[in-house]
Each structure stands twice: as structure tokens, then as C-alpha cells.
Amino acid sequence: DFAQLDAERHARRGYPEAVYCEGKTPAQVAAIAAASGGSGVTLFTRANEQHAEAVLRERPDAFHDADAGLLAWPPEPPAPSGGLVVVVAAGTSDLRVAKEAMLTARYLGRETELVVDVGVAGLHRVIAQLPLLRRARVVVVAAGMDGALPSVVAGLVPAPVVALPTSVGYGAAFGGLAPLLSMLNACAPGVAVVNIDNGYGAGHLAAQIAAPDPS
Amino acid sequence: DFAQLDAERHARRGYPEAVYCEGKTPAQVAAIAAASGGSGVTLFTRANEQHAEAVLRERPDAFHDADAGLLAWPPEPPAPSGGLVVVVAAGTSDLRVAKEAMLTARYLGRETELVVDVGVAGLHRVIAQLPLLRRARVVVVAAGMDGALPSVVAGLVPAPVVALPTSVGYGAAFGGLAPLLSMLNACAPGVAVVNIDNGYGAGHLAAQIAAPDPS
Amino acid sequence: DFAQLDAERHARRGYPEAVYCEGKTPAQVAAIAAASGGSGVTLFTRANEQHAEAVLRERPDAFHDADAGLLAWPPEPPAPSGGLVVVVAAGTSDLRVAKEAMLTARYLGRETELVVDVGVAGLHRVIAQLPLLRRARVVVVAAGMDGALPSVVAGLVPAPVVALPTSVGYGAAFGGLAPLLSMLNACAPGVAVVNIDNGYGAGHLAAQIAAPDPS
Amino acid sequence: DFAQLDAERHARRGYPEAVYCEGKTPAQVAAIAAASGGSGVTLFTRANEQHAEAVLRERPDAFHDADAGLLAWPPEPPAPSGGLVVVVAAGTSDLRVAKEAMLTARYLGRETELVVDVGVAGLHRVIAQLPLLRRARVVVVAAGMDGALPSVVAGLVPAPVVALPTSVGYGAAFGGLAPLLSMLNACAPGVAVVNIDNGYGAGHLAAQIAAPDPS
Amino acid sequence: DFAQLDAERHARRGYPEAVYCEGKTPAQVAAIAAASGGSGVTLFTRANEQHAEAVLRERPDAFHDADAGLLAWPPEPPAPSGGLVVVVAAGTSDLRVAKEAMLTARYLGRETELVVDVGVAGLHRVIAQLPLLRRARVVVVAAGMDGALPSVVAGLVPAPVVALPTSVGYGAAFGGLAPLLSMLNACAPGVAVVNIDNGYGAGHLAAQIAAPDPS
Amino acid sequence: DFAQLDAERHARRGYPEAVYCEGKTPAQVAAIAAASGGSGVTLFTRANEQHAEAVLRERPDAFHDADAGLLAWPPEPPAPSGGLVVVVAAGTSDLRVAKEAMLTARYLGRETELVVDVGVAGLHRVIAQLPLLRRARVVVVAAGMDGALPSVVAGLVPAPVVALPTSVGYGAAFGGLAPLLSMLNACAPGVAVVNIDNGYGAGHLAAQIAAPDPS
Amino acid sequence: DFAQLDAERHARRGYPEAVYCEGKTPAQVAAIAAASGGSGVTLFTRANEQHAEAVLRERPDAFHDADAGLLAWPPEPPAPSGGLVVVVAAGTSDLRVAKEAMLTARYLGRETELVVDVGVAGLHRVIAQLPLLRRARVVVVAAGMDGALPSVVAGLVPAPVVALPTSVGYGAAFGGLAPLLSMLNACAPGVAVVNIDNGYGAGHLAAQIAAPDPS
Amino acid sequence: DFAQLDAERHARRGYPEAVYCEGKTPAQVAAIAAASGGSGVTLFTRANEQHAEAVLRERPDAFHDADAGLLAWPPEPPAPSGGLVVVVAAGTSDLRVAKEAMLTARYLGRETELVVDVGVAGLHRVIAQLPLLRRARVVVVAAGMDGALPSVVAGLVPAPVVALPTSVGYGAAFGGLAPLLSMLNACAPGVAVVNIDNGYGAGHLAAQIAAPDPS
């Protein structure tokens, strides 16, 4: 009576519904975990410690990454298909959100790589990653503060860039507004913006972009 | 001395640089048009009547769509490769921006389709397009006002959705802010947001997503 | 000396004043509860645990819904008159606010129904509720994130829709600003917007709209 | 190919679709006018002089109110049914928007009354209208600047109030943002807010609220 | 080395400097209290419990109002001179801020009166106070939410109105932004706006306006 | 039928209603001018050339200041009573708004002085005016850009300061938002803020503050 | 009586006052031009065609750059002293503002260089300028849209960077807000931000930073 | 794997990278502290107590200022070179941020002086500091609330002013937005703005401006 999981989503879209834990009680999350199963993996996102315990009591073998606030059951990700998803974190503080994106893409069936702390203040660091970035079917770039990295990366590679603004920063970063606006105004075309701190959305979108050709 | 076209962009990214006419004088645009050529098409975007005349004086056979404010030279789009790009305009007033997106994707080498006036106020209209939408490798959805259509479309198809907010509306639409925020908060995952009225950016991103598999 | 209840409100408007507990001390709320009585029910809204205890000490038989933060005394709602009020919550996390709306309408004398977790990401869920929605004299739709559901519902039914934005979401949801703007720009006419998380206001407005014809 | 009127709207909702002229060329509007007909009236809203001429060329007997930017064809409003809609304009400058609301409600089948220049700076003016306001099934209140009038009216009458913020004012009125926020925070419950300057939406909502009881 | 009290302020302006406790440590506040004295009263504003204890340890006979977060030493306010300052709180929750204003005016030498819970949702309450309001040399009106009360009061009395927006409210009140904008756009002239929750500033301004004629 | 002048305002408040011309047609303004008369002066504010001509056709001897957009009839201001109103314009561009304030105060019965181009970038200019500023019963300070001048003036004089933000400036001045916020946060107490460019409101408020003592 | 040039500014600060033409009539500007002279150059900024004609009538040999909206009299810049000021424009459309900065620095006595169209979408273009950038005592970087270039430049050179946001862009660029926020949040330290489109301010600041050592 | 310090920054820019502790775990900070060394000092900024303990465990002789949230190792600042950096705090509450700026400049090799509590509400306090301010090669001015002090200081001295807005204030200070906008619109040219509360950035920029002449 408090939730109707969109069970048909997998049939309609090819990807299962995820359970967004914020704003749900641990008991509600546990009930959903107990009822889950059927086709494909169930992801629990933005799970705090209480949510995680509730899920693990029902599904003790679930995968859990506390940094990313993510659980997955069954714990084994599908065998990767489609293209490579490279996830880039501009700074160390963007790592949590970047991992949420990477794990989501992996559990939706893609091969993933993670690159950390390559912000534009020291440009040689991202340039050193060009061979990897050029192999990607899609690049996710998580950045806070000035949000300048997606523009720079998009200018260097043929793949589309999923720009993932983070709330890292203070003052006139206004909780992620500054990098969000930066990314929406990226002077290099080919930048797809998602919500602030929305690692799940970025990973899902990347998985769709890098999906194997249906034909 | 007023412009250095990024001539290497095609080599680096696989797509040519486009000329953004706003803020340039017709004379500047004409000079660029005269110098253009080399590999691939040159696009002139956000061209007003004066800009268009300037380009057409240099390149009389250029393609010109006055609604979309777009010119292309040489006028023949490349033979389409990769997947299908479907562009959807929620209302009649979103048509200009939607056409800019569609033409950009076409000139970057994709097959395109356009669907008009299928906003969520009359849901049967978009549902009637489901067979076409399900054939798309990527769907671009242009909408102003409440910006609700991308969420609805994303919930119905496996392809990623490029959400293109428009400045259509008034009052608390705040020049496109309302649909922009809507789209960033889409409750269906798989929505890639671009800047308000940025038809060029949406079309470019869609062309990259639907690009033929490099492997 | 700290409060003058608007005792004449029932005579003037047909509905009693409610006590807004936020910003009042439990002692102040208790004093008001002790003084209440007279014509009709007294509602206590946005009551936290301390407020609730204070009211229940004075009025042990009061109705209390902790989720909705609402108390009512006397506990028995009036016999329903007028039309049906249907309250819809887009997601599980919108449930608290939706219940505050539903209970308010019920204590102001209307028949009510509640529908949960029928967001636009899975459209079939709301379409399945059309028979109920078409019976309503007014529909209250609570939604956070993209706030798209009121537009969709308003496009499907003859009744007016009270759109109740919630602070569910994060990042560019900006505490409910995104759904608020969406709803103000609903592309389907017939949408009445209230303040973010204002379940009480939505329920009161719905009760007035569905009031029995005075003639 | 540029518009699909939502012809089923009347069947689904009981009210016809209106043609929003802003962002449409006069030629597009003329084509829609020529194709209109069928069940009920067609409204053309936010029509400038060119739009009006285009409609009147196709439908010379159409009703036209230039102040309100509204046309209707056929010109005769339906016989009024349901309750009374009272439209109140706080100041003279709010009159255009108030008339758009009043005419919309009238063409959707309601009896209407208009009251002008009764802002809260001179309270006796609105108090003098209480007998009329108390006869209303719904009151529409258009106000710019501080947007205080809907709160005052809602505190005085049993009917719900549709609050219609206008862009009248300057400086920190921010194009209607100040009265919009005021109205969303009305300290009297029973206030339904619509978009800034959205006379059409206010009139439509009022017509639905005052609709005759279906039972 | 951390503070230079503006000791000359009394000579220059006729009013002493006040100590703004927020952002100071209790130790800093205590040091200032110990050093205070000289001409006139020292006010400590926005003092939390720790600040208050620190002041009272140095000046055990200081006046302290915990609700208003205000201390004064020496505790005896000056004999009142000049005109009457009437402070009005729209709702019970505005009381703290209203008391800060009233106490500040009193310690700067004015006669004061306080009126509570007379918001515009029940207009008869403020109208009942007209005889008192008409005796005032200046009226301070504290209100949150729609901030409508200052407009109404200013329309009824010859005295200037100091409008004091409070952060009372939620959602689209945006921490007091809604009443602030309302008050800046008051449709009755004669409204002087101060910062949100700035009871000290409102009381100081009122004391200056009601000051005895220097001539 | 388009306006009800608040004729009782003079009796209630001691000051006549003014006619705000923006948003009124010249014909409407002319009709009001023709009907004016009775007790005291009628002010026409924010009058453009067309409005002015309309008034002057009805009242050829009316006073007219085109810079300030203000007309007054009868043209003779009342004999000054009460205290001195000093109006200060920070820069040359603030002069129009400052004159609107000064003329309003003069027509409401006060003695006035005007000081121009004394912004804080050259502090000696305002310091040179201290003797005049210290004679004022109230000082109006008009400033755009950083809006710093009211803080500085308020710190130097015993009189209250009416801070009048102007839309002078560009970029992050955001149409007057920057000086408005500055003034609301003035670090010197005793600053009364009015709406951006609201010279009329500033002058009215100043006239009330400097009014002769009723006793 | 409408202006008091801050004649002592040169003595106090070492730089003359500039005349900001916006908001002044051509007649006022002409009067100032006629009165100018004395120590050092007089700059007229943000001059439109009418302003320019007015100045040139008084001072026919004045220097005039119509693009930059700047005039200077006497026309000869001082002999350069201090360090090199390099001004960088990210795109062609940023050129006007960049030239205003460069000319201001030159007329305040510095050697200047200008580099155009080296935005981050094609990183090799700015990297090619590193030898010049490394010779600068200060670099001014003008950029609109994502405002990413100052972060990149600051990360590459020892000199401080003056970041000059421009209103180039549309939609969510919000008139320069996006690059302004980017620059305030630059992830490389050493970035000094000025107002949107404030070429004059950027040039003045750069001239001060690159001033010859006083010792 | 969570951080790549930009070790080449010293070579490239002449200043070492600093470790921004917010958003890093104490363990991460400790690991960086253990790895630090090499050329020059390592600064740890925005360090809370846990971060500080972690650093001090690795580097027990590190310098630590708890107010400023700053650690430095090795603890000895370099011998000062270049010009004098004067840091000014408008109020006592701005002291923390001002100290972060001063310490950063000192550890990057400059001579520094600190001046406290000289806000514009008592102008004589800042004027008393003119001899010191005139000796500065650059002045950093930290201020919250109205942010007026940088304009005043910039108008008095030849040196450039680094304006450092703080989040001191409440209500319409909006977390530092008010002083930020003030400073961006400073009516005296020569003001370089940094992010709200960004003492580190202000100090770094000041150190670069006051750097010894390379030639």
C-alpha cells in the first residue's frame, strides 16, 4: 500500500526499476527487498547505514558499497556487453558520486573504468588519460566547483560526455549550481547533463548510450 | 585576427566545428564562410537574416532553413549511418528549436524523423507514436512550459532521451528555467539535458549517441 | 497574550481555524488545545512528537497521525457531504504530505480516497486509476522531482487538479522549486498550485472545491 | 504538419482546447481557425493584432477583445450553468489579465462578474464588495506588486480563491515573482495559485470549480 | 585585538553600538561585557544561552529576554521620550522577532506597545487595534509567509510602517524571501523594509523615527 | 469602471493617493486628471511623454518634471512644515530617481535639499556634506551598483536613512538586486529600504518620517 | 550640478576617474569632456554613438574605439611602464569586452597584448600561447558560456589571472551568471573575478597589479 | 588511487598544491600528509579537528591554527619577499576567514599585517589605518553583510584590493550572496573578487600580486 514497483519497466525499457531509499523508512526498504527478485538485478540507491542493514537482513549476500550508498541483489553483475563506460572524477571529493555512476553502469551490464583526481587545475593529468578516454563509448565526468572538466574532455574525444555536477565546493558553488550551469553552457558540444550528485542517473544514461546495437 | 576555427576538431572528435553566428558581425561570418571548406560540412547556427545573406553571398548553393536559423555548406548532408534519431516537439512553438536539432543530426550523418505537437496535455498523441519512438537509437524531446514530456517518453522506451528545454512559455517559466529544472529532475532515468533552446547541442549529442559502432 | 484564535472564522468561512504547530512551543499548543472546543473540529498541523504529546495530554481521545503530523479533536470526522476528493501521491516519499491533504479534506467533511506510487515514469499505473479519477469532484496530486504528474492527470479528467509540490528530490530540485515551477507551467489547464509540502492547504482547498452546492 | 489540435479534449475533459497564439505565425493561427469548428467554441489566447486579423479573416464574426488578447468563435458564449465566477482586479493595470480570466470562464459556460481597483491599500473598497463576493462559487483575484489581496479575500469568504499574479510592478516585483510567492504563502487557506499573467488558466480553473454538479 | 567597539557612535549618532553575538565566542562576548560601560546602555543581540551566561557572569544584574535573545546592561531602560512605537506581530511565531524590535526601541528610549496574532486571514483582529495604531508615531509590523500585513496597516494609518519580514513559513517562503519581496512591493506607500528577522534593526529604526524633535 | 481612486485616503492617512501611470493608457490618465481636485495635490508618477501630454491637456498649468516622470496639480507645493528631507544621489545616473523622491517629499509638504555625485569611491565628497546631512530629519540615499552609500551615511548621522536602490549598473547588478541586498544588510542600523527605483515611495516615506509632530 | 568628478582620485590612487557614459545624456557627457583636462588622460567608457559624437565635438582628436565603446583624451597613451598585461578572449564574441580591458590597461600605462579565440573546446590553441602567457605579469581572461578558460590558464602560469565573465551565451548562461559562478569557483587558485562585461574594471585592476614597483 | 597530488604545480606556477580537507576522510588526509614533502610547504585548508589530528599524527611539528582551519608543514614559513599584504576584517566575525587569507599569504612567502573590526558603520576606524593601507602592495578586505568596505578601501589607496565576501550575516545576506554582489559591483575600480569565505584563494591571489618582480 505504500509502493507499487514498476515491474513492467524491464520489459518496456530493458532496465529494472531501482529503489530510491531516501525518504523511505528502513522497514519499507526491507519489504521491497523481500519482494524483489524476478528478472534482473534490483538496485538500492542512496541507502544510508540503516537502509543497508535492512536490505542485508533480507538479502545477506547483497553487494554493498557504503561510499556510494548502493546495494545490489543478486550480487553478481551481468556479463558486460556493449561499449566501454569510463567514469572520471575531477577531485577526490567527487569520488562517491563517481562510484555510484560506475557501479550503476556495471550492474546494468557495461564494462567500466574509473579515473580519479584529474581536474583542470593540472591539465597534464587528464591529458595522460587520453588513450583510455579515446577507447570509451561514453565518458561520465563528475566535477564540482567550476565544473570545467566536461568541456575540456568533450573537446578531446569523439564519444559523448555525461556531465555529472557535484555539490562539492562552498559559497558561490551554491550546492552544485555553479558546475551545473557550467556544464549546461559547455562550449564544446556533446555534453549531456544530469542532476547534481545524481550518480545513479549518470550511470543509467551511460549504460543506455553504450548499449549493444539492437540490430 | 578575430577568429581561429578549430580546424583539427574533425580529426580529434570526428565532427567539424560549427560557426555560432550570434555576437558575430555579418562581415565576420562571411569571412569564415569564404575560408571554410576542407573536410566535411560547415554549419552556421543561430543565423539571422543578415548572417544568412552574408553566407549565401559567399556560398550561394548553401542549404538554409530560416526557421531553424541554420545554414550548411556544402548543401548535401552525408549519407546516413548509425542509428535513427527521432526528434519530438511538444508544442507547435517548440518547432524551431526541434528543427535545429534535427538538421544538425542530419548534417552530422544520421537518419532523422520529426514528430510535432504531442504534449502531455493529450497523452494519446505521444502514445500513438510509440512504434516510431521504439525504433529510435536516441530520442530528442523539445518542450517548454512544464517540460514534462521527456520524463514520459523516457519511461516508455529503451533509448536514451536528450531533453531540450525551450524558452516557450511565460511568467514562472522564467525563460526556460521551469522546463530545464523539470528535465534535470526527471523521475525516469535516462534523460540527458542540454541548455535552453540549444537545438544545435541536442542534435550534436544525438548524432554522437547514435553514431555507428567504431568496432 | 501570545495567540488570538480566529474564532469567527467558522461563521465567516464555514471552516474552523487550524493550529499551525511549527514555531510554537508545546506549552503554547497545549494551552490552545485546552481552550479549543466550540463549533466544529480543531486541527493541529505540522505537529512533532512533543506537540502531539502536549495535545494528547489535554485531549487524550484526539485523533493522531504521526506520519502526517496531524491531530484532530474531537476525533470523529464529520459525516461526509459534497463530492469525492481523490488524493494521488506520485512516489512513496510523497506519502506523508499526501496523507496530510487527505486527512484535512476528511476532517473538513469530504469523502476521500488515496492512490500511491503512480508516477509518470510508469504511465500504466496512473492510467489504471482512471475510473476512480473520473469519479472525483477534485483531484489532489502530490509530486516532487519533475512535478510532471499533475499535468498528465489534468489532461485526462474533467475535474480541477490541486497540484501539491513536495520537497522530495535533491540537487536541482532545490527543495521543491523544480516541481513548483513545473506545476505553475502545467501545459494542461485546470491546475491549482499550492505551496511546497503544504498538504493542509491542498486538503482545505480541495474540501472547498468539492463542497456541497450551497443553493 | 505543425499542429495536432487535441480534438478529443472535449470528450475527455468537457472543455475544448484553446489555441495559444504566442510563438505561432499569423498564418499558422489562420490555418487553425479555418480548420476549427466541431463541438463547442474555439478560443484564441494571447493574440496580438496580427493574430487577430488572421483569425478575423477566416472567421469575420468571431468575438474579439483586444485588451484581453482573446478571440472566440462562434462568438456567442454558451448559456451559463453552474455557479457564479467573480473576477477581482486589484488595480487598473491588472485589468487586462482579469478580463482574459473572465472571458475564458464565460466562454466555458459560467456566469461572471468583474470588480476593479479594490486593492488592499484602501481596504474599504473590497469590503464594500462583500455581498457580491459571498455569492460567488469561486473568486478569481488578479494582483501584482505585493499580491496581498487574495489572502484578504480568502479570509472573508467561504468560496475558494484562484490567485492570479500579474507582472504589474517593477524592481523587486521581478516580473510577477513577488506576488506569485505571496500568493503561494497566503496565510489564509483556500488559495489556488496559477502562473503569472495566466488569465486563461485562471478562468479555466474557475469554470471547472464552478461547474454544475455532475450528479 | 579581535574587536574595536565603535565608542564614538553615541556621540556621532545619539545611539550606542550593540554587540552582535552570533559568530562571536562566549569568551569574546564576556570580554566586551566586562569592558562595556561609559555612556548609555550596551545591548547584546542574538545571544544564545552560552552568550547569555557569559554576559551574566560579568554583569549579573543585566536584563535578559531569552525569547528575544537580547541582554541589556545596565538593566534599567532610559525614561521614554519622543513618540509611541507600536510593534505588531502577525502570528504567534513572529513573536520572538517582534519582541527583539520592541525591546530595542525601549532601550533606545521610546515608549512601546506590543500587539500579537492579528494577521490578515482574520481582518477584524487588526481593525480592532486601529485606535492604538492611530496613536503611534511609527508602527513596526513583523510578518512571515505572505507578508501582507504591513500593506494593510500602512493603508490605514498616517504613521510610517517599519516592515519586518520573518523566516516563519516553509517551502516557497524561502526563508523569508516571500514576505521580504511582498513588503518591498507594498501597494500602500509609507513602508520601510529591513532585513529578514532583523528585530534589532527594526527597533533601532523605529526609535530614530519616533525620536523627540531636536529643535 | 476602470479605476476607483481612494478618495478617502487623505482623511485616513493625511496624504492623497497618487496616480501610477505605468500600465494605464493616456486616455485613462486623462480621465483621472479631469476628475481630480478636491483636497490636496494630485501626483502623477512614472509618466512617459504621452501620459504627460494627456495630463497637461486637462490641466495645462500642472507642474511637470520630465526627468523624474512626475506631474503635480495644482502646481504649487504646500508650504513646508516638519523637518528637513535631504536627498542624496550617489552618481549622476541616480539623479532621476533621486529627483522623483525629492519632488514627492516637497509636494507632500516638506522642505527638501538635493546632493549629487557623492559616491563612496571618493569619500571626501560625502564627508564635505556632513553639516547639511546632520541638519536633516531624514536622509534619502539613492545608489546603484554596490549600494554602499546608505551604510556610510547612516554611520555618520543621527537621522534615519531611507535607502533607495536604483537599477543603475550592469551584469551582476541584476537590475538593482545588488544594491537592494546591500542596503537590506547595511552594517549600520537605521536604514529603511524601499523598492528598486521607487523614488515615489522613498519620498512619501521621508515625508511621513519628517512630518510635524501631531501633538 | 549633475556631476562632481573625483578630481583628487589621481592624487589619492594614481589613476584618473573614468566617465561612465551609460545613464548620462550626450549633453552631460559633452559638458564633462569640455571640463576635462588637468593631470592625465580622461577615459569615457560604455559610450554609444551619440556619446561618442558628443565627446568628439568637444575633443576632435580624442581616441575612439567603437567596438569597445571607449574614448580617451588626450589620445596618446602614456609611455608603458611596469609589467606586461596579456588579454585573452575565449571566443570571437568576447572580443569587445576584451578590447575594453586591453585599452583601459594601455591608457593607464601598461604594455598590452591581445589573444583571441582560444577557448577550451580546442585546448591546443591556448597551449600554443604558453610562451606569451608565461611572460605576463597578469593575464586577463574574458569568457562567456561555461567560463572555463580562466581555471585552465590559471593552472598553467605563475601570474594572477583576472577573470572577466561576459554575457555571451543564451539560456542557462543567464546573462553571464554561469561564467561568473564558474570563475568564482575556479579550481585553480589565483583567479580574481570582476563584474560581467566589466572590461573597464578588468583593465584597471590589471594595470594596478602590473604597476611598477613603487620602491 | 583516490588522489593524485599535482606535484608539478610548483614548477609550473611557483606555488605548491594545497590539500582541501572538506570532503576527504581523516584517513585520506593522513595518507597525503605522510606522502608530502619535496619542494616547499604543504598547506592543509578547511581542516576540522579530526583532519587536524590526522595531520598532526603524521607531522607532529606541523603549524596549526584552529580558528583558520589551517595546517602547514614544515611549520616554518619561507623568508618573506615581494611586497606587503595587508588583510582587513570588517567585523570580529570575519576574523577566521581573514586569518586563513593572511596565513596563506605568509606561507607562500609574503610579509603580512592584520587589521580587525574597521567596518564602514564607523568610518574613522578604517581612516585611522590609512598609513598602513598605503604601504600595502595589495589589500585583502574580508566583509559580510553589505560588503561595503572593499569599495571604500579601494577608493582610498593605489593598491589593488582583493575582496573576500564572508557568510557573516543572516536573512537577505543569503549566505554571503549580498556582499558578493556588492563587491562585484564595487563603484571604485580595482577590486578583485574571490568566492565566499575563500580565505585560501584570497591569500594565494594576494601572494601572487605582491610577488617579487621576476625581472
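By letter and in written order, the chains are A, B, C, D, E, F, G and H; residue numbering begins at 1 in each of them.
One rule holds in what follows: contacts are C-beta pairs under 8 Å (C-beta built on N, C-alpha and C of every residue); 3 or more make two chains touch, one makes a residue touch a chain.
These figures come from a predicted structure and were not determined experimentally.
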item: Required steps from subunit A to subunit D (each step between touching chains, minimum); value: 2
item: Chain pair equivalent in interface to D-E, over half of contacts matched, among D-F, A-G or F-G; value: A-G
item: Chain centre separation in whole Å, for subunit H relative to subunit D (CA means); value: 56
item: Chain centre separation (subunit A, subunit E; CA means) in Å; value: 50
item: Computed distance of Cα centres, subunit H from subunit E, in Å; value: 35
item: Per-residue overlap in subunit E, given as positions that touch at least 2 other chains; value: 9, 12, 91, 121-122, 155-156, 171-173, 177, 180, 184-185, 195-196
item: Subunit C partner contacts - residues on subunit B that touch it in the complex; value: 90-91, 119-123, 144-148, 151-152, 154-156, 169, 171-174, 177-179, 181-188
item: Partner subunit B, residues of subunit A touching it in the complex; value: 9, 12-15, 18, 83, 155-160, 162, 180, 184-185, 189-196, 200-201, 204-205, 208-209, 211, 213-214
item: Touching residues (chain side subunit A, partner subunit C) in the complex; value: 1-4, 6, 8-9, 12, 17, 20, 22-24, 28, 165, 167, 175-177, 180, 195-198
item: List of subunit E residues in touch with subunit C within their complex; value: 91-93, 95, 116-118, 121-122, 124-125, 168, 170-173
